[in-house]
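Below are structures written as structure tokens.
You will see two complexes here that share chain A, one where it goes with chain B and one where it goes with chain C.
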Partner chain A sequence: MNQTISARQTAILASILLFANKILVLPSLLYEISSADGFFIFITLLATEFIILFIFFKIKTIFPRENFYQIIKQYFGIITAKLFYFLLILYFFFKILLIFNISYMYFHIQVYIDAAYYLFLFCFLVIMTTCVFRGIRPLARGAEFFYFLIISCLIFIILLSFANYDRFPLFFDSNPANYFKGVFNNLFCFGDMLVLFVIMDRVQLKRKDKTMFLRYVFTSAIILLLIYFMFYSIFGQTSFIHKNAISDIITFSYRFIDLGRLDIIAIITVMFLSFLQLSVYFFAFCQCFMSLFSKLSLTYTVCVFDLAFVAVVASSVVNYLTAINLGTTVMCYFALVLHFVLPILVLCFAKFRRQR
Partner chain B sequence: MKRFIKAIKGAPILLVLLFITLFFFPSAIIAPAESVSNAIVTAIGLDKQQDEYEVTLLTFLSYPNQSYTERYEIFTSTGATLSEALTKAGLQLGKAVSLFHTHTAIVSESLLSQDIAPALNYLVRVASLPQSCILIGTNVSTKTFMEFIKELDAESDLNLEELTFFNSNYVYWNDTTINSFLQGYYSPTETSLVSYMPIVQSTNDGIPLDKPLQSQQSNAAQTTQAGGEASSSGGESGSSSQQKYELINDGNEIILKRGVMQTSINRDILRGLNWFNSKTTSAVLILDDVCDQNFNHAQLAYKVNKKQVRMHFDYQNGVPVCSTSIRLFVNLTEVDGSKQELRSKSEASYISQEVRDKIEETVKRQISDALEVFVKNKTDVLEMFEHFYRTHRHQTKQFLKQIQSADEFLQHVVFKVVVSVFPN
Partner chain C sequence: MLFYDVESRLEKIKQQLNSSSDVGTRIIQKSTAKVGIVYLRSMVDSALFADGICRPIIESQHVDIENLSSKISAAQITQASFDQACEKVLAGNVVILISEQENILAVDILKYPARIPSEPPTSSVIQGPREGFTEDIRTNITLIRRRFYNKNLVLKDLFVGKYSHTRITLAYLKGVANKQVVDEITKKLESIKVDGIIDSHYIIKHLEKHPRSLFKQVGSMEKPDIIAAKILEGRVAIIVDGSPIVLTLPFLFFEEVQASNDYYNSYIYASFIRCVRLFAIIIAVVVPGIYIALRVFHQNIIPIKFLITITNTTKGLPFTPFLEMLFISLLFQILYEVSLRLPSYLGLATSIVGALILGDTGVKAGLISPPGVIIVALAKIALYTVPEQAYQLTILQYLFLFIGGSLGMLGIVGLLVYLVVYLASIDGYGAPYLAPYAPRVYSDLNDALLMQPTNQMKFRPQSFKNRNKTRQK
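So, the complex of A and B:
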């Protein structure tokens, strides 16, 4: 577990994580809240990702080799550190649940409607568990290997979607209250850069690497913006019906009827993205768990997660709808604390102590 | 073996993979083929009979044969709700109804007399009907329509999908998919256009149906049976089994307001509407009684090869004005009547001032006729309200306060049309 990854690999992981939760059901959820102005909610929330990323750069510059848990412990004491890491454990666990349920529903509709929930569960769990046992380096190398395939597929999807372009989205038609509500309610779907804090002691990041890092993350951000723009342009008033944005923007048109299953490109992309995102989040969960319970081994941590995950999924306490509902209600407060309060506090204290 | 066990010990995850392989692979092998458990529906018909939904499914049946012919059957079932009707259909088929490959949805006039959006919403959101599915309205029961289409396909290879695909691309104002219907339905003016294909009795040619035509007024007593066997409870046509029918694919469409059928528009009205649409270029202008230096009371047919439409929306003295510039690139394709010396090479590009005036007059008349229908029915098919709202939001909101609702908006719009004609 003491492996390190290069700056480029970290950038690729961050770039892939940026797509988590955002290209399937989120565009329609944002439209439900604020019509086409959901696009601006998305831009705002995307900006928060960059804020978190810049805070990470600052903290990483101040503490190039330290563990995030140790940093919090150093400034706020062990109880606060444990409390924050407990919150992080819950946060990552629920994030995995949310991504799993959204991905499952996507594959269930697009690929195999008769497939049982447990088939998906076992497929995902096996891969996630393997990735975590292998460590961050093989995971990052895997991400590096598939990165260009994923990005190429997404660009191809955007190009295809231009054939369905209808009209410019009707912006600024919703009231500001809906905008702020949308930003707050969907905070949990963002903040993917938080993973970088958890693995910061395994990342080799130098000052000169930051430009390269930003280039990767910006590429993902631009792709996401184009997907959202095309989604609202194509579907207009019916955007709220389309729950699988990435597939729907290329398959809904009658013009593509004769081309058969064109959405296979989207399916492959989502498959790779889901596996990689879930594995990275699982790794982050294990890191937090092992920091909190330092005497427990990785095998124990993985077993705890697997059992808890199967129990939650099997009990149907959290399914597709409840996961989305919880993600837009309770988890927003978690997100607010962990995305902003924690990194800003750490940064401020670090700067303050440094000056003294 | 020892090496294998050693390798497994080193990577226990392989055991998990082995377990999954042993568990799922045999289940995949013994599982029945998808076509055995799922009925692949290529077209779905929605009808309403005595407060009950009637669902007709054109189903592809896969079975081994040596002739490579595709076999389709029609199944019908009824229910108080669509889900009940589809469940019943599944029971009759002995398979789960799969709508993933459905390309066409047919809606009868009886269903069109009420809001069809809830039914389509259910099919799209719950039953996984693709939104790219083309929506067609018809005058007969959907079961009769399907039977006719099946026969049409068998006898002439004329495919409904291909017909509607062509219409959507070249004839209609817009594509008439479920998605475009829903977009119109959820727009501020709640207006949509849907393709309309009636089936009528034919005196000479046509396709004979085994059963008499069941029009909407006469099929109330129809009962439900599986296997494509509709009962013949006496249609209003009441004709013999040798009666022939034909499908009218004349580019007709129906206007729906809040999901309810308002009126049908014929090809002439559609032609007037299509002058605002630069995509539809399959237009022929017929000019009667042209008299100029070359022609004397001749009838000329001009084909529109290219069309450039520019619309500008503005408020003049508080009144919404839509200024439209239509540039037509035409060529003369046919002459009926006496003509003077006209060389064949220059004939195609022949346009005199008289011809230009005639074309402008014809286009304006067609537009005026179309607008009259839309204003009368308060159906803003041209989406004028949305265009003005997009370009002059504040003024449109102010103007909306003066009129009763967005429905009234179209009748207050002043249309200024300039037609320029060029030889192609």
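So, the complex of A and C:
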């Protein structure tokens, strides 16, 4: 069943995906690379999300109902289309692995001290699988349902945390080379708007919806900026120690210390975000897989993913450290090609053909 | 002519009715013709039968169909062919046969024991209409019809059930209700092939798009004022003979949070009480699960003073936290079932046994802990803020209890996400189940969780298809 989703639901999905990988370990990683200039790395990379979004709008205007796979096939031939989609499959698979591992480590440290790795694997895999079987429309409606709750909780966390502006580290303290290195190495943690290309034939987007769309994505971007600003303000020179940004900014605020562990709000918000993000990425994975192997059913695709995921996670081929390591090395090249090269090429060819 | 002989035709009808003991026959010999009467003694008004039917026949000079039709003033009279005689008798008509006349006369004087409309126990109100539906479909139709002095209220009859041949009436407003929805419901009802329909609940599963789902997908009400309001919104009401529950379609999840009382009170209070209901649903479903999750997995997030209280009260319990909660929940469930089935005079005894002996002694004996009892009691009481959903919520409560005990908070949040995604996938008769929140239908938010004054509700609900958007100008 080819379910369609409204522009608002798509904007909410994009808005929720924007938080993926960014509110836990990334702020400290960016500080490690370029100290306080990590904030600029973040802003630069956040801008790339808007570039991808802008390209998506352009392509969607030219091809309002077409599938992205068909568009690539039309311009570059079937082999190139299959190659790109193969890369996308790997990209989404690794994205899921990265989000899973980061979330696992976060929950393990915060609330599941004695729990086994398999508990997380079971929880995430079952919910992702069942949600994907329901389809993109229920998933988008689910995201729409929880959106207000998630955004309210994130704003509440920002309001609760105590910004100490005196401790804000100095900007431009680091070597400019570190800035460029940081931007390149962390490309993979961004580019969440890429999912929109994969589901573009299911999105009902009109010209007038773009402002509304941007409003949702901007809201998420501003919340992210505030979280990063708070994080660097609170922890200053020690930012690199704090690997769970969203929780730590509340835990280390002494304003509400008597109220107990308020970071439970952050933990529950991240739980909701993780389930929704993983399900959407899993859906994108399935879409790519089924486009590549058009004769395979969704059940088969899901089984392939589940088996591969369990095998990779259970054999510890990719764990928390290796996932972050791979994400900041090999996957950057994937990200570069898939975030920019592919969409820009498609856009240029489409414009060129249209002019002819 | 022998073919139109009264005796033989009466005998034929009796045979068709298997000579049931309640079949009454009578032959009145007139100078010009013989008149045969056949009816079910259990289904007709005997006083009306004697005065309104027999007396005019005896007193009339010329006995023919036209003459009798004008003489009998008892009730609705229809002419029918002899083939329909048996069917008419079963429907509570008195069938009159006249010798040498092919057609028959059917006089509707149906009467059976029926209670008068009274306030339904499941939806009592402080202010507002107190009448409720009864088991008599004619009374129920009257209760709806008298709220619409308008030709556009359409009542459409269907008969379902191989043996019961139950009358089902669809009620909707022409020009407001969506025709596609009406047609779809009609088609669904016509396709039901069952032995009998005893109550409206028998057809619910046939009408649901996801019959295996735990969640209710068809609205059910006992109050005519609510049904009238639903019809005005563009919904279709389904009235089943023999049932005081009238069904409505399309149905949305958030209808369960609304109550008729809301519309008879201040909109601010109504909004507040709706939020309380939703909060109570959340408490009822997830609190036992969260309590277990905190005790088993996340002791480090329980505030220290509360943790000390829990530790002191649960010290030495023979059960694991999960088994303890399961035990208390099942105990409550057993008491609930007992109280439903026991005669009311034993209710007090059940309460004493349940609350004092089992609860208090259980705590003193060290089998269950006071926090566990409080949590279960809170959750079970909260269930009944939406009594129509109590059964579904009970199942969810056990599900969350199990998930909380085995997977902790992550499992609970995961299950919540899945439940919402699952509910969002239900689309019954063009109405997304979680509307107006997912998908967001802005115009319907004025009568969702928060309510606007009724004079501000300019439009009919847009969460499902309507033919006429404007409710008031």
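Just so it is clear, the second predicted complex is superposed on the first by the 343 of 356 C-alpha atoms of A that agree within 3 Å, B and C clash if a C-alpha of one lies under 4 Å from a C-alpha of the other, contacts with A are read in each partner's own complex, and residues count from 1 in each chain.
By our rule, a residue touches a chain if its C-beta (ideal position, glycine included) is under 8 Å from a C-beta of that chain, and two chains touch if they have at least 3 such contacts.
This structure is a prediction, so every number in the text was calculated from the model and none was measured.
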Touching partner for A:Gly236 - first (chain B), second (chain C), both, neither: first
Partner chain in contact with A:Thr251 - chain B first, chain C second, else both or neither: first
Partner chain in contact with A:Phe86 - chain B first, chain C second, else both or neither: neither
Touched partner set for A:Pro138, first chain B, second chain C, both or neither: second
Contacts of A:Val126 with chain B and chain C, given as first, second, both or neither: both
Which of chain B and chain C A:Phe146 touches, first, second, both or neither: second
First, second, both or neither for A:Ala115, with chain B first and chain C second: second
Chain A: partner with more touched residues, chain B or chain C: C
Which of chain B and chain C A:Phe352 touches, first, second, both or neither: neither
Set intersection of chain A contacts, chain C complex versus chain B complex: 113-114, 119, 122-123, 126, 130
Complex contact set, residues of chain A against chain B: 109, 113-114, 119, 122-123, 126, 129-130, 133, 168, 170, 235-238, 241-242, 248, 251-254, 256-257
Touch list for chain A against partner chain C, complex: 6, 8-9, 107, 111-115, 119-120, 122-124, 126-127, 130-131, 134-135, 137-139, 141-142, 144-146, 260-261, 264, 267-268, 271-272, 275-276, 279
Footprint of chain A on chain B - complex, ascending: 13, 16-17, 20, 24, 37, 100, 103, 121, 124-125, 128, 130-134, 161, 165, 168, 175, 177, 179, 182-183, 186-187, 386, 389-390
Residues on chain C engaged by chain A in the complex (per definition of touch): 297-298, 300-301, 303, 407-411, 413-415, 417-418, 420-422, 424-425, 432, 434, 437-440
